[in-house]
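First chain A sits with chain B, and in the next complex the same chain sits with chain C.
The block that comes next holds the complex of A and B.
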């Protein structure tokens, strides 16, 4: 995995450099016009945030069963990346909403769920940072609960009306729209994997340094 | 199974006995909830002079008072254990770990229900909210809501017992996770206090609370053992 880092970053960089060309060449959406272009940079991070949160929850559950440090490193990296991608989605979303709906924010199920999921993982990072020793296990418990709570948030806000476009539009997109979307998605995904590799490696090195330090003390 | 419930009963009885003698938590929690209500009365009572809360605000006031004072009670319950370092003793005692969790949970739920018995009439009285038209449905909302809030809260408060800055971290971790309880509780109560109460809506929210309780109680029982192992 370590060797894959540089090629991954290079490919992701190439995609991010060329994605604007594809996005420019994509046709204008009939009702929203130019504003709709932000979609290509809004949906991929939003979707990856959700996937990353689920990934972190599953890895944390495994960590609770068999306590191996590597699961902890992966879960920590996934939580940080969830917050990062969530922040990207949370910045691009309101910019789009302001033009498309006329408001910066609405309390619609998808938005509420994303915000809460993002908050759960911010609190995960706060716990890791300020919780002191032993907070890894507590954070793993929190991630499992955070993952379990989001369907309930979605369900409970869904009883009100929703105005967010349904994700079912994605598979039915015409190819002119779908191509730049999945191109950008690939870029974000590769960046995710590259950052994940890097982050896990940092934790691994940190654990090694701690261990060497302890050994030199003896 | 009977050994499990015996441990539950012993742990819960211990907490309730301490509480019955000192009444420390009940007194402070009720007073804190009252203070919350006073703060809300400043923002959410209309100009009309009839003393009614704006729109559905009475439902929100009730549930926020419960959640805030509940957090206070949760923190304090485990602070007491930490003070005498008795949580470790509890965990070391023979008997299933999940039974210790359920015992603590029963204690916390009992305390919160006692607080609610005082707070609900108070909110009904101070904001002229018709909370007692459908007492059974309201009791179901409050009961299931309290169990949901307390089952996550008890686990988090227990696991934060040995963390640094636990007082700050408890509400930070607890509120985002228990938001479905708040949504269901507030919307369900709001449905009951409408001029024409929407009973079907309230029943729907009760079902949601019930399923939340089942999922989170199962998760808590499953994780308690591993998060409490040092």
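The block that comes next holds the complex of A and C.
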């Protein structure tokens, strides 16, 4: 998996460089026009934020039961990537909204819940950084709660009245829209896996450093 | 003296600007239009480019930060390994650490 980092990064980089070609060739959306093309860089990180939050929650739950460091490393990496992908969605979304809705931000259920989910994972990272010994257990509990929030973020547009596009948009996309979307999604996903391997390796090395410090003290 | 000239210059500038503004015809009525003029419309292209650029920038910064972090940890690991292996080598030579 470690050796996969550079090829994954290269393929993801290639996809990111070539995605604008497909995005430019995709048709314009009838009501939003050109600004709708932000969708191709907004939906994939937003979706991966949700999937990453669920993944982090599952790994954290396993960590709480099995107490193996490898689960902790993966959960920490997943939480960090949830925050990174969430930040991408939180920035690209308002850029789209400014033109489509006339405002940068609106306290809509989808937007508000996404922000809350993102803040849960920001607090996870703060807890890990400044929480001291034992913070990994508390953070794991927090990640489980974050995971529980994720389905509500996804379904919020169907449950409550909202101006955000519904969940039916993506499954019913015409091929001309769907092709650049899933191409960009692949790039974001590959980059997620590449960054995950890099992040887990850092944690692994850090654990080794701690172990060596203990050995040197003995 | 310089200050005096500067003050006179600034005062004259402000006075000329004020006179120019007052010389404009005041608006006597508001005329409704159904569509905003093209020059007033918010262009989409800068927003799309900004979104794409932000994605690139965020990933580039994150990868760079992680790369640096990994480099530091590996450096620390190498230094510690060397520090620990030294006394062991000394011990095998019969010298007390």
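Keep this in mind: the second predicted complex is superposed on the first by the 206 of 218 C-alpha atoms of A that agree within 3 Å, B and C clash if a C-alpha of one lies under 4 Å from a C-alpha of the other, contacts with A are read in each partner's own complex, and residues count from 1 in each chain.
Everything below uses one rule, namely that a contact is a pair of C-beta atoms (placed from the backbone, for glycine too) under 8 Å apart; a residue touches a chain by one contact, two chains touch by 3 or more.
These numbers were taken from a predicted model, which means no experiment stands behind them.
Judged by the touch definition given at the top, the superposed model places A:198 against chain C, while chain B stays out of reach. Once chain A of one complex is fitted onto chain A of the other, the partner contacts of A:180 are absent, as it touches neither chain B nor chain C.
Contact with chain C, but none with chain B, is seen for A:34 once the two complexes are overlaid on the shared chain. Looking at the shared chain after the overlay, A:148 reaches chain B, while chain C stays out of its contact range. Contact with neither chain B nor chain C is seen for A:57 once the two complexes are overlaid on the shared chain.
Of the two partner chains placed by superposition, A:109 touches none, neither chain B nor chain C.
Applying the stated contact rule after C-alpha superposition, one finds that A:86 touches neither chain B nor chain C. In the three-chain superposition model, chain A touches chain B and chain C at no common residue.
Remark: chain C residues 42, 44-45, 47-48, 50-52, 54-56, 58-59, 62-63, 66-67, 69-70, 73-74, 76-77, 80-81, 83-84 touch chain A in the complex.
Those residues of chain A whose C-beta lies close enough to touch chain B in the complex are 64-65, 67, 116, 119-120, 123, 126-127, 130-132, 134-135, 137-138, 140-142, 144-146, 148-149, 152-153, 155-157, 159. Chain contact summary for the complex, chain B toward chain A: residues 152, 155-156, 159-160, 162-165, 168-169, 172-173, 176-180, 183-184, 187, 204-205, 208, 211-212, 215-216, 219, 223, 226-227, 229-230. Contact residues of chain A toward chain C in the complex are 9, 16, 20, 33-35, 37-38, 41-42, 45, 84, 87-88, 91-92, 95-96, 98-99, 191, 195, 198-199, 201-202, 205-206, 208-209, 212-213, 215-216.
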